[in-house]
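Okay, so chain A shows up in both of these, paired with chain B first and chain C after.
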Partner chain A sequence: MDFPVVAVLAATLTIATPLVFGALGALLGERTGVLNLGIEGTLYAGAFIGFLVAARTGSLALATLAAVVAGALAGALMALLAVTLGVNQHVAGIGITLLLVAACDFTNRQLFGGGQQTVTEKFGRLFAGGGIVAQYPMTFVAFLVLAPAVWWVLRSTGAGLRLTAVGENPEAADTAGISVARTRWTALVVGGALMGLGGSFLTLSVLGTFTLDIVSGRGWICIALVIFGRWKVVPVVLGALLFGLFDALQLQLAITPAFGSIPNELLIALPYLVVIAALAVRGRGVRYPGAYLTAYRRA
Partner chain B sequence: MAAARSGDVSSLRAAPLVELRGITKRFGSLLANDAIDLSVDAGQVLALLGENGAGKSTLTRILYGLSRADAGEIRIAGKPVTMTSPADALAAGIGMVTQEFTLVGPMTVTENLMLAGSPLGRVDRKAARARVLAASERLGVPVDPDAVVERLSVGERQRVEILKALLGDCRLLVLDEPTAVLVPADVDLLFASIRRLTAEGMAVVFISHKLHEVVDLADRIGVLRRGRLVADLPAEGLDPVAIAALMVGAAGPADADLPDDVVDEALATAVGLDGAAPSTQAGPVDQGRPAALQVTGLSLAGDPRPRLDDVSLTVRAGEIVGVAGVSGNGQTELVAALCGTTPVTTGTVRVGDAEVTGLDVAARLRAGLGRLTEDRRGSVVLGMSVEQNLVLEDLDRFRTGPFLSRRRVRAHAEALIERFDIRAAPGDPIRSLSGGNMQKVLLARALERDPTVLVASQPTRGLDVGACQYVYAQLRALRDAGSGVLLVSEDLDELIGIADRIVVLSGGRLVGEVAAADATREALGVLMTGSREHAA
Partner chain C sequence: MPSMSSTQQTAGRRRRAGSARPGLVAGIAVSALVLAACGGTTGEESGGSSSSADDGTISVFGAFATPLEEPWDGAIHAALTAAADDGEIEYQHVDDLGTADEMERALRDIIATEDPDVIIGDAFAAEEAVREVAAEFPDTAFAFGSGGAEQAPNFSVFDNWLQDPAYLAGMLAGGLTKTGTIGVVGAMPIPEVNRIVNAFTAGAQEQNPAARVTVSFINSFFDPATAKQAAEAAIAGGADVLFAERDGVIAAAEENKLPVFGMMVDQQEQAPEYVVSSLIWDMRPTVDAVVGAVADGSYQASNLAEYSFMKNKGSSLAPINTGTAFPIPAELTAKVEERQAAILDGSVVTPVDENEPAGSTTVGE
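Here is the complex of A and B:
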């Protein structure tokens, strides 16, 4: 049989793209000690706002910008609740996800409900026909700009040191004159912006429209990937690629007649099962950031 | 020299470098600082003294912006400033070594030292490492720039903290018990650095419970008692006895709330500090007595040298064995191996009749091991209350069916608080306790279980003179009741004072043993350092 290897690998990169944005966004917050479970809703909001602005203005640049701003605002809301007000991080994050999903659904029904599916402009692929490198611009951004940049910032800059110090021992950071609150706010706002951008990839690059199940748990996958990657950029990106590979395989198998007898539901579950298995293997004995999930208050 | 220096400064008589006016701080009903006025001039060393819980750390944390005063103001060179965070304090030229370590465990020494004042952009690790090495050499504080902090012993961590404070150039350096876990040689180095820096015009606020150090170093002395400043005088002419009297209030008849014997004991220690601590050995221990702790051929692999190398020792019932050594020579590893927090490479550990080599911490505790580890903060659950921490190692005793009996936990805590004179209520969160009081909680938890053998590392770290005496008395009582005690300490006077035998650990090996009755600081010092050169 003639298996389309190139197509599967190309799809792998495309599928991994929003995960790289989302997971690196989550990683920034978690390195400072804040788990942002608002990620699922933030991806959703990024997808919807991007679609909305593209539909209304026809400008992909404006739409992308709007998605980034929406994500940053969602991150700011998380920071307000979890950092400034000291609300339990799980409660704050899940609350934000519920709020954003509901708000986007509501607005979507008000503006686009009834009638036929609205379709917008969308980004085209660069190097069309170029095999694996025939990708949307944001894929290049994710792998060639964002991932190296986050890696470099964490490794070689004072900002990275501060982030780690705040996440490991906020008291030590505070004593060294580093503002714990400001560092966490920054990480959450920047992280949220990345999540918003990742969400907009789904509408503005892949689909050109918005559907209710557009995110379908990718945010939770990102959270798992960050743990899988032990808060390090390279393994997180590899994890995203692994998920992308199995999702691409699954999509390919579903349309390969020889595998027609396998239930579609099982195939769809495949990449998720792989992530769970990977977590079960790698997730043991994980050393979490020292101040994970804890608010910081001076005595 | 000190007097001449402060004389120079006072002849200028500008405003003092830093001035505290009416600083007041309450924690609930507790008045931790009561309208305190203090000042320190450039080039001056101000020693802050007082019992555990007197309010020394609170006052310095306010000065450094780690805590907000309820009332009062801070002036720097005559100008009122508001300290809302350590960043403000650093900007005003104030540096501080806090009492509890504030280092980032998983980061290296260099990274920790880079943290304060690092730019947001690119940092040059190589250059930073070189700077750390240079500073370490210049100041005579030896550190390994690449070591990961969480693997260091408390003594080594203390050196890192000191280096961190000395690196930044500040006008006022606040040191909260910097010498609590330093060996005498390190203390001398620190003091030499401080003298050099004060000669260049830096001011120092220094907190210590070791009164002979204070007499050595300080130009002025401020004494706090239960939140009030009860004395503020020149250090010249004061001796440890007089200072101890001020601390516990023996001089003032108004403060008769302390039993006389505590006062006497405190005074006795203060006096004893000039020579050896009061010596009350029970004499050589009968070799026929059963072993409370038996360690055979214990080794712990390490790179490049083993961290523990064939350590064999026996602690008999009714005996206190001291372990001396320069911090970082295997003490931390030995205690961890005995307590079951580090698996050993080879060797066996027996507690009483039971072999515990492969067992975990809980099983060892059940087998009769008591432990008091050097890392205070690592031994308590910071988010829990005093009473909860007190029963942590013994939950089974306080259960009614599957449930913890709150009433019995509370009663237990109240009894221990009373017995060990812990200045806290059972329900207080443990993180709110002063350093010395936190130490007392750990000690109470370890001693109250009547262990077959107690492994105690730095048991008097940060305790005031009265509390130290109490701990010594408790350790002796434990011994006299037939338990064994392994005492790891960097304070040679302490070891000589209460151990029956002292073994010396150097480079992970036992390099010598002396009966405490024959031991001298000098002889131990030679063993501790001399044989290291030998080994190298």
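Here is the complex of A and C:
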């Protein structure tokens, strides 16, 4: 059997898609100085709310919109806690993740509990049978629309510069007339919306169903990817692709006879080992945004 | 009679969650923890009568390590709920007791406040703790999912012995594959998964001696997106029939228009044109055996494995789908039905093999 290179590359893009949404969403907040550990819960909420609306209305457009709104609201909650109230960012973020995961599980049990899993409409693959480009619409959005757009906004627009200014030196930004609070709120709400969209990829594109634990730590991988990418769009996207590649590779190698003697556990750990190794190499001497993890109060 | 209500349960969990993160000021974050505590636990009461002592109905308490949405505990819960609906038992439950510590405390709580006749649950992750509590309360019957042996006088064990339907599904898969490769996606190489995968493989190879079966483990009980990617990898590796030991695989089969076999409950609804059949675990015979023995005073610790066997109606192959997008040869169905009859009348016993499928990779080339 020839090794299915094209299939592995296609799987790489699919696996990386929710990571690109999530990591770019996290990147926006972190560039303003706010680490949003609500990401895991926000992905979860996007996945569940998207599924819920798809199950109730049958409309994928509405479901996608609902996931975006749910993510934006989760981002707004993070902004309320971390920006307006100045709560410790770690505590606020983890609290939001716990809240959202539990609220979704609870609602899921109330509405869909017991027996058969509910299956909804889901996006089909475009260019089915087309090898690497046989992907869900959201994959094209992630790589061809979102990533270039975020890159351009951060690099070439006033909004992007204000974002970075607030993250590097909020006092200076404030003095220059930039509202630190408004900038951070905007970044967190937009970032949350992206996370919600990324979560909905799992239910509305990949599976068409919702199960507990559907996000399975992908949010935490996004957090690592942002640090790996040093808060820059291109390296973050490349990091997501790297993780996706090794995940796709290990799934394929596990059933390839020539690699049968490698312990399965080692193969499963491979993508994580690669990310950790990459972090260890690239993470050294990393320069964090100047106001990272710091609430801003006028002196 | 006041029962262990959901408020008591959640109050207990709320204390635990709260104490883990003391001094949390932000009101919303606190409510997050409260909700987190409630999330996994409903613990509502079902069953007809209000008191077990008055009318002699056996009271059963379910104590589950995972959320009920997990298919394994879901199957136990479904059987207990059905028994309660039939008026056979009075049933309460608590779930998501993820650690040995939580399980032990819940069991002690349950016995102290409710003193049920029977406690049913799963012990895999909390084997020692559960056995310890059982030894301390010999008057309560314990029946737990476990990989170990029974423990006198009151601790019985059961497990999902699905090798019979797995073998039959394997025969169907062997008959349906055109490429000669069948893809299995399972959780992790543990005995209760291995014996199902191995029986499936043996069935496939009886029907089609040249068949290759690729086995992927995702090392998680819940990661359907990865399970789907594993199925896609199997398809890229040549598989044209899939076995969904885990959730997520059916979506891959439907997208690629391939036959697939479901697990634990009849999953035909999930992809009506592609799910050929499913392996079904019915815990009702096990429940009935325990409850019956407790009711007539004959209960003692035993291995309840056989109550999950097909010949005792503890497991079955779901009706073979007649509306598939691909033809299922009549002679294949007939052969499977013939084997099923032989298993049911006891003339054939499906071998049990709990070894890890060879290298977690391709078996039988």
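A few points about this structure:
The criterion applied here is as follows: the second predicted complex is superposed on the first by the 288 of 299 C-alpha atoms of A that agree within 3 Å, B and C clash if a C-alpha of one lies under 4 Å from a C-alpha of the other, contacts with A are read in each partner's own complex, and residues count from 1 in each chain.
To be clear about the criterion, a residue touches a chain if its C-beta (ideal position, glycine included) is under 8 Å from a C-beta of that chain, and two chains touch if they have at least 3 such contacts.
Source: prediction; values computed, not measured.
Applying the stated contact rule after C-alpha superposition, one finds that A:95 touches chain C and leaves chain B untouched. After overlaying the two complexes on the shared chain, residue contacts for A:238 are found with neither chain B nor chain C.
In the superposition on chain A, contact is made by A:165 with chain B only, not with chain C. When both complexes are overlaid on chain A, the residue A:290 reaches chain B alone and has no touch with chain C.
For chain A, the partner with contacts to more residues, out of chain B and chain C, is C.
By the touch criterion defined above, A:298 lies against chain B but remains apart from chain C after alignment on the C-alpha atoms of chain A.
Once the two complexes are overlaid on the shared chain, A:156 sits against chain B while remaining clear of chain C.
In the superposition on chain A, A:173 makes contact with chain B only, while chain C stays out of contact range. Contacts of chain A with chain B, set against its contacts with chain C after fitting on chain A, share not one residue.
Considering their complex, residues 1, 4, 7-8, 11, 14-15, 18, 77, 80-81, 85, 87, 91-92, 95-96, 98-103, 105-106, 108-109, 113-117, 119, 122, 124-125, 202, 206-209, 211-214, 216, 247-248, 251-252, 254-257, 259-261, 264-265, 268 of chain A touch chain C.
Residues of chain A touching chain B in their complex: 156-159, 161-162, 164-165, 168-169, 171-179, 287, 290, 298-299.
For chain C in complex with chain A, the touching residues are 21, 24-26, 28-33, 35-40, 42, 67-70, 74, 78, 81, 183, 189, 214-220, 222-226, 228-230, 232-238, 247-248, 251, 255, 265, 267, 269-271, 358-362, 365.
In the complex of the two chains, the chain B residues touching chain A come out as 61, 64, 66-68, 85-87, 89-91, 96, 98, 101-107, 111-112, 114-123, 125, 431-432.
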